[in-house]
Amino acid sequence: MPGSTFGKLFQVTTWGESHGEALGVVIDGCPPGIKITEKDIQKELDRRKPGNDNPLSSKRKENDKVEILSGIFNGITLGTPISMMVKNTDARPEDYKDLKNTFRPGHADLSYQLKYGIRDYRGGGRASGRETVSRVMAGAVAKKILEKFKVKIAINVIKQGKLNSKDVNDSVGGILEIKVKNAPSGLGEPVFDKLNSDLAKALISIGGIKAIEFGAGFKVADMKGSQNNEKFINKNGRFSTKNNNAGGILGGISYGDDIVIRLAVKPPSSIGKIQKNGRHDISLIPRIIPVVESMTAITIVDHLLRQNAIKL
Amino acid sequence: MPGSTFGKLFQVTTWGESHGEALGVVIDGCPPGIKITEKDIQKELDRRKPGNDNPLSSKRKENDKVEILSGIFNGITLGTPISMMVKNTDARPEDYKDLKNTFRPGHADLSYQLKYGIRDYRGGGRASGRETVSRVMAGAVAKKILEKFKVKIAINVIKQGKLNSKDVNDSVGGILEIKVKNAPSGLGEPVFDKLNSDLAKALISIGGIKAIEFGAGFKVADMKGSQNNEKFINKNGRFSTKNNNAGGILGGISYGDDIVIRLAVKPPSSIGKIQKNGRHDISLIPRIIPVVESMTAITIVDHLLRQNAIKL
Amino acid sequence: MPGSTFGKLFQVTTWGESHGEALGVVIDGCPPGIKITEKDIQKELDRRKPGNDNPLSSKRKENDKVEILSGIFNGITLGTPISMMVKNTDARPEDYKDLKNTFRPGHADLSYQLKYGIRDYRGGGRASGRETVSRVMAGAVAKKILEKFKVKIAINVIKQGKLNSKDVNDSVGGILEIKVKNAPSGLGEPVFDKLNSDLAKALISIGGIKAIEFGAGFKVADMKGSQNNEKFINKNGRFSTKNNNAGGILGGISYGDDIVIRLAVKPPSSIGKIQKNGRHDISLIPRIIPVVESMTAITIVDHLLRQNAIKL
Amino acid sequence: MPGSTFGKLFQVTTWGESHGEALGVVIDGCPPGIKITEKDIQKELDRRKPGNDNPLSSKRKENDKVEILSGIFNGITLGTPISMMVKNTDARPEDYKDLKNTFRPGHADLSYQLKYGIRDYRGGGRASGRETVSRVMAGAVAKKILEKFKVKIAINVIKQGKLNSKDVNDSVGGILEIKVKNAPSGLGEPVFDKLNSDLAKALISIGGIKAIEFGAGFKVADMKGSQNNEKFINKNGRFSTKNNNAGGILGGISYGDDIVIRLAVKPPSSIGKIQKNGRHDISLIPRIIPVVESMTAITIVDHLLRQNAIKL
């Protein structure tokens, strides 16, 4: 299958280009009976909007107003596909005319051209970070389901790069840490659709994420088995370990401890002169957080449904 | 779909438990006309075998003799499913009797029990590293296809932990680096099935891999955009950059440069007394290399076929 | 995966309810470089519109005006998802208020309620024939691809029921015959995704189709092998047989002869008083033809791409 | 994905050629905790075996002895892939030497050659009816699951062709009727993966099935809406209709009534002289019945799990 669909049972398909008519998402497989309003979606979209008050953020002004087009009736999911859309209102394709024959460093212009022999050069087209609008809409629905299970996703900024005044036209990277608290046990399918492999796919699929580690991560390279192994602590049937070296997942399956993941976020590639035209971000971190949350939530919900299926 | 299948067009399904009858793989979607013999498969299986000469390796003695059961006729692939199997000959389920009611630290015993309410306690069952026998058989076929495209996969050991004489019952971790040389451009599908996301999924699905990074990886957290961005060098239509910060993939699509990946390998969890019974490895590194190669090859071939499909 | 997606490589996802905001489709996997305009889509939509001049047709007045939202740039497909939408303009949900607690005979009201515990009672919601708007939009794109391969899909009405003047509030059934001319050989995958099995799935998924037969169809029950078997006629490398008993498909794979299929179309379930409110059709035949064409085209294109993938 | 896999959650992958080493199946997604022994599988295999006592049956003598290779431990499913195999013991590839350059009428020889440019000419290779051994093994497992839900699948021979003594070298067709009794309601996914579309795909994928109809089937072409529509009868929450014109499925979803399907079975293509060598059947009917049951059971179980997944 082509690549714009994620998930096996909670199946998310996104569409749209940065400077096209609109961006949208279709969620197929959302269970019926979930209460969702446009407000729930809008709240999440607003978190990823280019903010006036955030100095790291792009100057493109988009309302990102969600329209729910199907799948929800009287505020409740029907079980049928949920289609949602955000129209582009501040698209300025003419700003990108000069890029028609240019392959911007660090961008996907070249690779799209090599793949398709044609590309939408307007602001990166499908490769733009603007595509994540669709992911956040789907994530908002996934979070409503996780609420029922009292699962919480917390994101911490472990490292945020800074700019000196002299390099004002530059951009910076950073590191994020995800903690999924109260994660149900038993999620993840041996041997390829492990919970960690699907989370890795989901999170690495976000533009700008260059590395991912689970639990002790790269530190395991310097550890001995006797250090890395940890006894289980059983607290009323809920298992955990002292340092959570495993990051809450063993053999690809959650066992009830917090799921811990760290991500390396690259500095945005649009800098300098291009930045003036393209109205881009200085750091991806503030706006990528709801996207990271969304992809995590979508993956957890998908595996929740998969695990649900086999409980006869 | 359940989790024992990987790939969309070059579709690999594995089966088997560590101390069951056999382990095997079905490859569906292998193009017809590829020359493959049992020797080609056996050569790769032998590379991952527990070795007498390798002091880091388990003492379990398995011949790992491949049997090709279908899909290949007179040494040539038919286009129909290739079924391959390796029988277990040195299985010793009785060694694991004591583990029936035990959840070994660092192992998947607990998580399988929580997921399924039942588990094969004999040597980890499906969660055992022995499952990778199936991956290596599939990888051997994938490599034959990559040969036609002159793609090469090189693995370097970046770090290998060591044991002091006093901790002889312990185990060690390490770091591997993968380089895919002469990778075709245009591989990878926006926006979820990016080449890097699928490689991340494939490689994180290998037991013991706790982290993955592409190109500059975690270093991007400390970089500025002006450092991370790199001009393309066009050499006879083949593109590359000076430092390959992007790791050969931009926007999820290869552009012809080497694909560069690093993996953190954890120290094996079986140590001490258990090790004596269970006959396990001191380091995963020597035997995991052909597995890492295999998963890389399978992913690249799958995307080769996917890219091939759209070229009308 | 949930059920609103069809196709493995030419992947069609539909969404929308009869009296919701809009109906739409996302096509992922359409090859780049195909010329498509809104006119091409609109032409097909107009063919399935409730017609003033067709006495068998519903009185609901919908413009069914297509909006292309993504995936096409300057009239050419980009290779990225094509999103298309038709807004509902003559929805009259209040006409269906009385149906809230009723399960109409022959309709899906009951089965949706049993499945989901909730349903959109407005005109059948997702189960309405109006959903086929989405299929026709996708079919229009598939046909543009078939044009490149000179494949033609012809539909003949084999039987069309008639109403006597006295039963004016009733409805009628019929039989359609599909002929795919100039079908490429080699399409279809053993053993489950046979071309005939995928066509059967595609066509039986259209509401109102109750039976399907290929080639000689039900007549084979009365035939002997010596009658049903037919010698191949090789005309410049293109194979056919005298009577085409096989319907152009053997072992699930096309061999170049016309693909011949017949479908039984049931009489619409909305009749009598309900018809007055619900503005429904007397026969599905006139409006189902472009839907049948579309599902046939989508299936053929999907298999074209699948066959293309393995030609290294 | 390639075509040797059926099902989304109860995922069945078959492999093997008629005169290769063996034929087998991998079931991924079978829920844990189901009691299954080799006897359960063997019983079903024996039903499809070429029988001595059945005069319509082939003379090839195969034990068809099942070997369970994985996924079942102490007689109970583990939730991991179930691999099963039957070795070919009476393969006589040399009987087919003459067919190397021949395309037999009514067989898949030609279409495989056109598709792959290569084929296993030994007894039809992958296209042989012998492939159904794998389906029957998977069906035996599916039936064990249906037992838990008290679902029964009954097959009736509606028509069985007969040979006059003078045409002893010929073969005959027939018609089968399937009734799924006590089918759970709510199975089937709008709009493509309807229960009837997936059953159509499953059953048409069996070699020799040329037509399928649900409920009233082709008769709807001659019916009026007022005849075809039927009031629901509610008996203690279980719904049915007088004539079951709908065949137990409306809008693609079961509502609790019997699911009724009829299939046209073609006369076997191997007749006359070829029959003497190839040891084929005079009618497919006796041996196809367990195959039809199996594909029905697999489809129902797959949809059972899918419906189970959304019940939060």
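For reference, chains read A, B, C and D in written order, and residue numbers begin at 1 within each chain.
Note that in this section a residue touches a chain if its C-beta (ideal position, glycine included) is under 8 Å from a C-beta of that chain, and two chains touch if they have at least 3 such contacts.
Small disclaimer: the values here were computed from a predicted structure and weren't measured.
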Pair of chains joined by more contacts [C-beta pairs], B-C or C-D: C-D
Greatest separation from subunit A - chain, by CA centre: D
Distance between the centres, which are taken as Cα means, of subunit D and subunit C, whole angstrom: 25
Separation of subunit B from subunit D, taking each centre as the mean of its C-alpha atoms, in whole Å: 35
Between subunit B and subunit C, centroid-to-centroid distance (C-alpha), Å: 42
Subunit D, residues touching no fewer than two other chains: 1-5, 8-9, 14, 29, 32-33, 79-80, 115-116, 126, 190, 306
Subunit C-facing residues of subunit B, complex: 1, 8-9, 29, 31-33, 79-80, 145, 148, 190, 305-306, 308-312
Partner subunit B, residues of subunit A touching it in the complex: 1-6, 8, 14, 103, 105-108, 110-112, 114-116, 124, 126-127, 131, 159, 161, 163, 167, 170-175, 185-194, 196-198, 200-202, 204-205, 207, 210-232, 239, 241, 246-247, 249-256, 264-272, 306-307
Subunit C-touching residues of subunit A, taken from the complex the two chains share: 1-5, 8-9, 11, 13-17, 20-24, 26, 28-29, 32-33, 67-71, 73, 76, 78-83, 85, 115-120, 125-126
